[in-house]
Structures are given as structure tokens and as C-alpha cells.
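Lettered A, B, C and D in written order, each chain numbered from 1.
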Amino acid sequence: MNKITILIHCKDRRNIIATITNFIAEKGGNIVYIDQHVDREQNIFFMRLESEFIVDGFSTDIFKEAFETHLATKFEMKWRIYSTAIKPKMALFVSKYDHCLYDLLGRYNSGELNLEIPFIISNHNDLKPIADSFNIPFYHIPVTKDTKVEAENKQLELLEKHQINFIVLARYMQIISEKLIKKYPNKIINIHHSFLPAFVGAKPYHSAYKRGVKIIGATSHYVTEELDAGPIIDQGVARVSHTHSIEDLIAKGRDLEKIVLANAVKLHTNRKVMVFNNKTVIFS
Amino acid sequence: MNKITILIHCKDRRNIIATITNFIAEKGGNIVYIDQHVDREQNIFFMRLESEFIVDGFSTDIFKEAFETHLATKFEMKWRIYSTAIKPKMALFVSKYDHCLYDLLGRYNSGELNLEIPFIISNHNDLKPIADSFNIPFYHIPVTKDTKVEAENKQLELLEKHQINFIVLARYMQIISEKLIKKYPNKIINIHHSFLPAFVGAKPYHSAYKRGVKIIGATSHYVTEELDAGPIIDQGVARVSHTHSIEDLIAKGRDLEKIVLANAVKLHTNRKVMVFNNKTVIFS
Amino acid sequence: MNKITILIHCKDRRNIIATITNFIAEKGGNIVYIDQHVDREQNIFFMRLESEFIVDGFSTDIFKEAFETHLATKFEMKWRIYSTAIKPKMALFVSKYDHCLYDLLGRYNSGELNLEIPFIISNHNDLKPIADSFNIPFYHIPVTKDTKVEAENKQLELLEKHQINFIVLARYMQIISEKLIKKYPNKIINIHHSFLPAFVGAKPYHSAYKRGVKIIGATSHYVTEELDAGPIIDQGVARVSHTHSIEDLIAKGRDLEKIVLANAVKLHTNRKVMVFNNKTVIFS
Amino acid sequence: MNKITILIHCKDRRNIIATITNFIAEKGGNIVYIDQHVDREQNIFFMRLESEFIVDGFSTDIFKEAFETHLATKFEMKWRIYSTAIKPKMALFVSKYDHCLYDLLGRYNSGELNLEIPFIISNHNDLKPIADSFNIPFYHIPVTKDTKVEAENKQLELLEKHQINFIVLARYMQIISEKLIKKYPNKIINIHHSFLPAFVGAKPYHSAYKRGVKIIGATSHYVTEELDAGPIIDQGVARVSHTHSIEDLIAKGRDLEKIVLANAVKLHTNRKVMVFNNKTVIFS
């Protein structure tokens, strides 16, 4: 059984749904999941399909070619097609905080995540024992002002060598360069420890404490060149009160960060996220 | 422009999605919304479509006939088709509590609800002034042990005379009879003031207080013959603590009840709810 | 039975709790509620007490005098003492939106709010029928650029004449002047329709839609001279998705606004809020 | 500096607060935290205090004696006094599920938990590597119908030898015997994977799926002899929909279980929980 996931967006037009479902049926595909969204402001049509092909000798590549030639070009579609047999490869970037790392590796171990983790990169050596205990290669690539370019080249080399599909910044405390962002557009997931767009930048829990908010949050988003301004994938919140110190907010925040980042990883891996106009469409 | 909403469920089978979308395209319909769900345990396929027809002389009735003959019969579908031009008619049953009544009428007035309210029925006269201030006819039908059958007949007469499509029990404190339930299957919406299935029956806030729960809830559901056991449409929750008295729980619960009941009314009215096997599929 | 509520804040120091409780005991008071908080950063002590006095001829005024002379001066306390027998008087300012007005008046009617509403002020006449149906005097005071000062004087006159204790802006769409704010410091409650500090100012739902947030919020706060920057009393949030239009956000937001504003009114009325350093301490 | 935490409950009576604070002041204690609650139904007074003593040669044991003699006996108080210098000792019981174990050990490592973990007990050997990687002794004590009594004796021996103060069942899938419960009354914390009192007993996610609830929950509670009926410490909830399979509910539930169990452990460890009448008072 061959199963593929198709993501499409294009200008909305009459009969677009029937046209697509027809095309797939003609190619011998049985649609097992269909969801769509129309952005009425921009007049953009978004669709996600899962389709099974029981035809002998089915090839995802040949299907892609046909899709491009007979459908996508005509309707000026942006599209992606994935074979569900292939697990995406995720690189984990960490620094010194261990809570998101433990959380993701725990989920990975339990089979909750449909992906591979070829390696972990860190600018510090502190979390190596955790990587070791989960038997995942750990590369220590220190980053200083002087070695930033060199460090990034080492990162890129590893990413390419292992054919990494997307990157997760699990509280990696370094700014990602334009070069890396351009190479992995909407493929670098960050967890920001505030309810964006409130408290952009450094030390958001300190700012939240100072402002006296009654709810704190965490936000997972794709990294773009503007700091903390990329498309939001998921957000979570928790109630706080005047009794909470900054340390309490940080501790409560850790729970939010773990869950919100894990949700983003799962949505991305299951091809549930489309990005348009710096916003996400999240299919169910 | 004619616009219809189609709800279908049937046994899942190959090509069911393409078959349906094709049929609609052939009849000149442009699908503007499609969502589907498969219950893998029961192997049941559910679908909701919205389709526009710009063909001259389009008739929903003729389309229904064609749908029945050429599609539904063949695939043994259960289906419903609604013209979006026609607003459903809702009868409101209340007793002495006014919070859900105020809330629904406030939303109705602000244009938030896509429905008509031909009348309000109550077994008490207390809330008549509210009905008056919103200019909605109010029928006082007292219910005692001796007059229960007679009262119900009066209710049925009003429901039929006004061609009511569905009934909302906005804290109507009477048990609904089998006769009425059978006449309006999955068309009577109740708000129960607990997080079902916890605290079925009378005085759930008292039970919640006694058990010392840290979260209370409210549940909107379709009324079935078994008390508080019908298909759940929506639920809401709120945190409570040892500092809350039973009166506090009741006050907090009122906010939950209002929102959870209003959500159910909106979902029902927008044809977003399908029922199967005493559970709901809620389309987005 | 005489019952008073005491709110105190001062520099933290040894034995402050025992000193206060002792003083009250000496005066014949039985403390039935005590809660305290220390802001460790600023070294400020906050306390809220409820005390009953069964002594004959108890006078709140005489107690206040003794409290000031023998306790407050010595410890440089800021304090407020309220007799629980006296209900605070709230002025409601509204504009054209009715949802918060309906909500507050509904709660008022049901006995949920421990306050009096001597009148409603609006810059438009639209909501007068609602005020009428609840039998509350309604003053239409139009506000234009040219009449702003005159309108405010009329407002002040009414506020003084009725000995108003605090003002609630129930989606009153006008900027409050410095003069009024200074006259009612931390006594004007506003509901802002965003999760502050995100989306300060006008049209926050539009901004939230544009940013693509996955959670929206509402914030009740005391009005200070800086727009939407006053001490936060309560916040609420609700999940949203790409399927929600701006209108959907506005409708969902209405439910948040109602609850978050009502919470603030209840906390303020029950003397549960203390303000320090532009933040609130909210006692339970 | 000596710091103690005092927990008291007794029949409510006049001047109880002033009497207690006076007593502590007389003994040279500076109260730095005070919170109290009165159960109006049962007329029971609850209090939690933290007090610092800078007197030379302060002894918690001598203070306890004085407290008992001069205060507790007179007012028929139930009381507990803890030196904050002493970390409680927690025994972890696990089975095959690793998520709560990873979560608690991660928090333990990060310094979030104010306790010691002398050992982990499991009826299976599966989680030993995790215990090893955190350098915590792991005892494999298999439990079968025939060896139940013997296994329990081994458990008790370990608990006593290590002077364990409380036990956490981190998804330990065995019924705890009356003997153990009586030895550790309100000192055995369980995490139940449902929103109690809904779905008591085995396989709650299956029951939740079958009932079609829209919100699932988790509950941490003290173990009593009646299954899943002990005093509730904390509860958490998460929204679900018809799209979630039982496996999805289980995965979502894991996140709830981790947080709700960790909250209970922190509340218990920080002496924030009092139990009365099968309910908890949770101080802030």
C-alpha cells in the first residue's frame, strides 16, 4: 500500500475541490482524508489530502510529475507531496536547558513522534550525558562572536550530510543566521517563552513579572529573519498570580514550553502545517 | 446564488470522496467547504459539504431527489440537505433561572445566532418580563404531576404550529417525555451543569462540592431517553478551590452554562453536528 | 454584628503580622479572614483582614481613628477600612456595545454583585432601552471633540452627586481624561479586548488576526494615564484557529470580555484588590 | 536561622487567629506567611503558618512540646510542624510507563523539587535504565497473586529502612493494600488518568472515548481504601474531539498526568495540603 500526503495552496476558484479529487481518482488514488480552508481576505485556497494507491508499481515520483504537469501548473499551485513511508529527519539544537530535550526524547522513545533524530547539536557540552543515555550522537559546536561563521558552517555540513528535513531549537539560546534560515524556510521551529507578540526578545518571564500579567504563555513558531515574528504554530498559557516569583514563572513556563514545542513538532512532522503570509493554517 | 449544506454518513468505502464531489460538480455545484471524518472503529464515513449553485432555476428539492436517487440509495447513505437561506426555528424552554435566557437572547439580538425564536415556553411566569423586553411571545404552561400530559400536548401543539426545528432547554427543570424526544430526535439540546459523565442528575454542584473536585464543568448534549446520557455536543470547565462555597460553584457554573449552551446552539444551527452511536462528530 | 475589611500595605518588618492581629484582638475584634503577601523584590508587606466586632456601640470611624493613631502611623502603613454593611456605588459607562452591559446587569439582578448601580452614562442613546428594562437611570452625555470638557464636567457632577465609589467602562469607547483618572485613582476599571501587553490600543482583534495568534484574550485593568498600561486585575483567554475570521474573533472575544470584566468588578467590590507599583495583589 | 511550617485544624472559635499569632510571637517567632480557611459547613478552622526564629538555641522539638502543651491541647487542635531545613523523602513506585518517571526525575534534577528520592520500586524491570541514568537505586519487586504479601513486606522494609515520608505512584499499576495505606495515611499520592469522579477504575481513556466526551482529564489524589475515591489534590484537563482515537487520548493524557502529578508532589512537599473529611484544603 502506498500512501501520500498532498498539501496545496493556490488562488481560490470554482470547482477546485472537484478538480483535485477527480485527478486523484483518475490516477487510482483513494482519498482517505481531505480538509480545506479558504482565506477569504486573500482569496487563497488551501488543501490537505491523504490518498492511498493500491495500483501495482505506484511511484510517488511519477505521481508528482503528473501532478505538476496536469494540475499544478494549470492552477498555479504551490504544492508538496510526501510519502508517508518516509520519516522526516529532525536536527535538535540545544544549549544548557534540558527540559525540552528530555521531553522530546521521552516522546521519541515512547514512539509518540513519527520522525528520526540523526543528531543533537549544542554550543555547550552540558547536555551530552542526556544525548548519550538516549543513544543519539551529540555534536558540541561552541559559538563565540569570533567563531560564529565557522560554527555555522559546521552545522550546515552536519545538516546536509544527514539530509536533515527540519530543525528544532529546543531552547537553543543563539540567534540563527540569515543563511541558515534561507536554507530551511519554514523548517526551523523555535519555542519562545512568552505569549507572542507580547514580550518579544530576551527574558520574557522577567518582563511578564514586571507587567503583572495574570496569564503567561509559550509560543512555537517558524524562525524568520525578524526576531520572534515568524508564523505561529501553537501557543499555550497558564494562570499565574502575585504570589509567583520570577523563578515560579520560569518553572511554570517550562511545562508550557515542553508541550507547545512538542505539539509544533508533531504538527510539522504530520504535514499538518501550511504557511502563507506569515501565518499558519493548521489542519486537524 | 443558492447555497446548500450537505451532511452524509455511510459505510466507508473506496472512492467515496471523489464520487460525492464528482456528483456535485456534475449538477453544477461549486464546493466551497468540505470536511470529512472516518470512525475507524465502526468503519463509518462522515462528510459535511457546502456547495453553491449558480445555475438558473436551481431547486433544492429537485437536487435532493437527484441526490437520493443517484447517490444516497446506492451507497446506503443517511443524509440531510439544508438550504442556507432558511433559518432554523428554535423553541426556548425555560423555568426560573434567567442567565441562559438572557445570554441567548443577547446573542440573538446582536445577530450572533443564525436562527429564529418564534416563542419561549415556561412552566413558570417569572421570566415573562425578559421575553417581553426582547419582544418574543411567551407561553406559560404550568407542569404538575396531574397536568403533565396536558401540558405536553400544549407544547407539542405550539411546536407544530410554528414548525419548530429544534428545542433548547435553557435550564428547563422538567424531565422531557419519551413522546417529545421521539418527535425531535437529536433536536432537543440540554445544558447539564456538570462535567458529564460525572454528577449525572440533580444538584451536581452540591455533589461536586462534596467530592472536593478542583475543576467544575458544564455539558451541552442532545436529550435522549436515558437521563444526561445523550450525545455530548460541547463541554466547558473552570478551576475551583476549597475556598468556593456551593453558592460560588453555582455562580461560576452559570458562566460555563451560558457559553457551553450557546456553543451548542451555534454548532447545531450551522449544521456542524452529526450524531452516530450516541456520540457527535463536530465539524469545524 | 459589625464587620469590617482592612487592607494594609507597608514596608515588611519583624512581627508585623502578630502586631496587627494583636491590635485587633485588643479592640475586641474577632479576625475571621486573614491573608497576606510579601513582595520580596520591593520588601513590601500586604495584608487583608476581615474582622467582626460584637462590642456594643462599635463605630467604624472610631476604630479607624485608633488604627491610624496607634498602628498605621507607627508602621507607615497605607490602609483602607471598609464596613461590609455598605455597598459600593458603581457608575457604568457604556457606548454602543451591549454585551458587557447585559452581562453586568444580569448578574446585578440575580444578586451576584454586592454593589449599587445609581446610573449608567453613555455617549450614545442606543442602550437606553436596556437600562430602562432594568430600571436604572440612563444619562446620555454625547462626546465630541468640541464638547469633551463640558461632557466630562457633566459626568463629574453626576459622579459626585451620587457619591460614586468606582467606575466601570463596559466597552466605553472614549479616552478618559487625566482629570477623571486623578479623581478616581485605581477606581476606574476598563476591559481591554486583548491579552495585554499584546495589542495595545484600537482594533486588537484585527491585529490578532493579522499576527495569526492561536489564542486571544481580554484584560481588565485599572485606568491610568498611559493607555492600556494600568494594573492588570484579571485576564482570560480562548483558543482560536485559522478558520476564525475577524468577526469570529470579535464574537469569541465578547464572551471573554464579559467574564473578565465581571471578575474584576467582583474582586474590586469585595475589596480583594491592592495596587502597588502598577501591579495588583489579588487576595483569594 | 530556623524556619518552621505549622499546619493546624480545629473547631473554629473566636480569637483563634490572634491566639495563635500571639503564641508564636511570645516564643520569639516572626511569622512570614499566614493563610487560613474556615469550612463554614463543618465549622472547622484551618491554618498554615511559616515562622522564623532567630533565637539562639532554638529547637523545633522543644517548640513542638510547648505548642502541644500550651496551645494545641486547649483548643483540641490537630497539628503538624515541620522544619523547612529537612527535605521529605519520597519513594517512587512505577510499573512500565515511563512518562511520569522521566518527568519527575527531570524536575528533581533541575532542582524544582524540594525532596529526596532514596529509591524507586517497580514490579517490572523495564524502567531500571532510567533510574540508572539518574543514579537512583532501583528495586525490582515483582508482584503476582501468590507473592503479593511477600512483595509488600519487602516494600515496607525498604520504606522503613529509608525513613520514607511519602509515596508517589507514578502510574504504578497495582492496587495498594490496606496495610500500606494505613501506615501512610494521606501520604500516598496516585495519579488517575481521568477527570474524577468520572471514569473510576481501569481503562478510563477507553471509557472517555466511548462516551464521546469533549474534554479529558487527570486527577492526583491521596490513596484511600476505596478505589480512586481519596481526597483530590489537583486536576487538569485538555480538549479533545471526534478526530482523536483512543491512542490520541492516551498520548494527550500523558501530558496531563505528568503535570498534575508533579503539582501534587510539589504541593505535598511544600506542606500546602491539608486533608479533612476526604477533601483537601490547598494553601497558596
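One rule holds for everything that comes next: a contact is a pair of C-beta atoms (placed from the backbone, for glycine too) under 8 Å apart; a residue touches a chain by one contact, two chains touch by 3 or more.
Since the model is a prediction, treat every value here as computed from it, not as a measurement.
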item: Fraction-based call for subunit C against subunit B, same above half, different below; value: same
item: Chain whose mean Cα position lies farthest from subunit A; value: C
item: Repeat of the A-C interface, chosen from A-D, B-C or B-D (over half of contact pairs identical by residue number); value: B-D
item: Between subunit D and subunit B, distance of the C-alpha-averaged centres to the nearest whole Å; value: 42
item: For subunit C paired with subunit D, centre-to-centre distance based on mean C-alpha positions, whole Å; value: 37
item: Touching two or more other chains - residues of subunit D; value: 241, 243, 284
item: For the subunit B and subunit C complex, residues of the former touching the latter; value: 98-99, 102-103, 106, 109-110, 112, 129, 133, 241, 243, 251, 254-255, 259, 262, 284
item: Parts of subunit D lying in touch with subunit B, wherever the complex brings them together; value: 37, 39-40, 195-199, 211-215, 217, 231-237, 241-243, 245, 278-282
item: Subunit C-facing residues of subunit D, complex; value: 14-15, 17-18, 21-22, 24-25, 30-36, 38, 239, 284
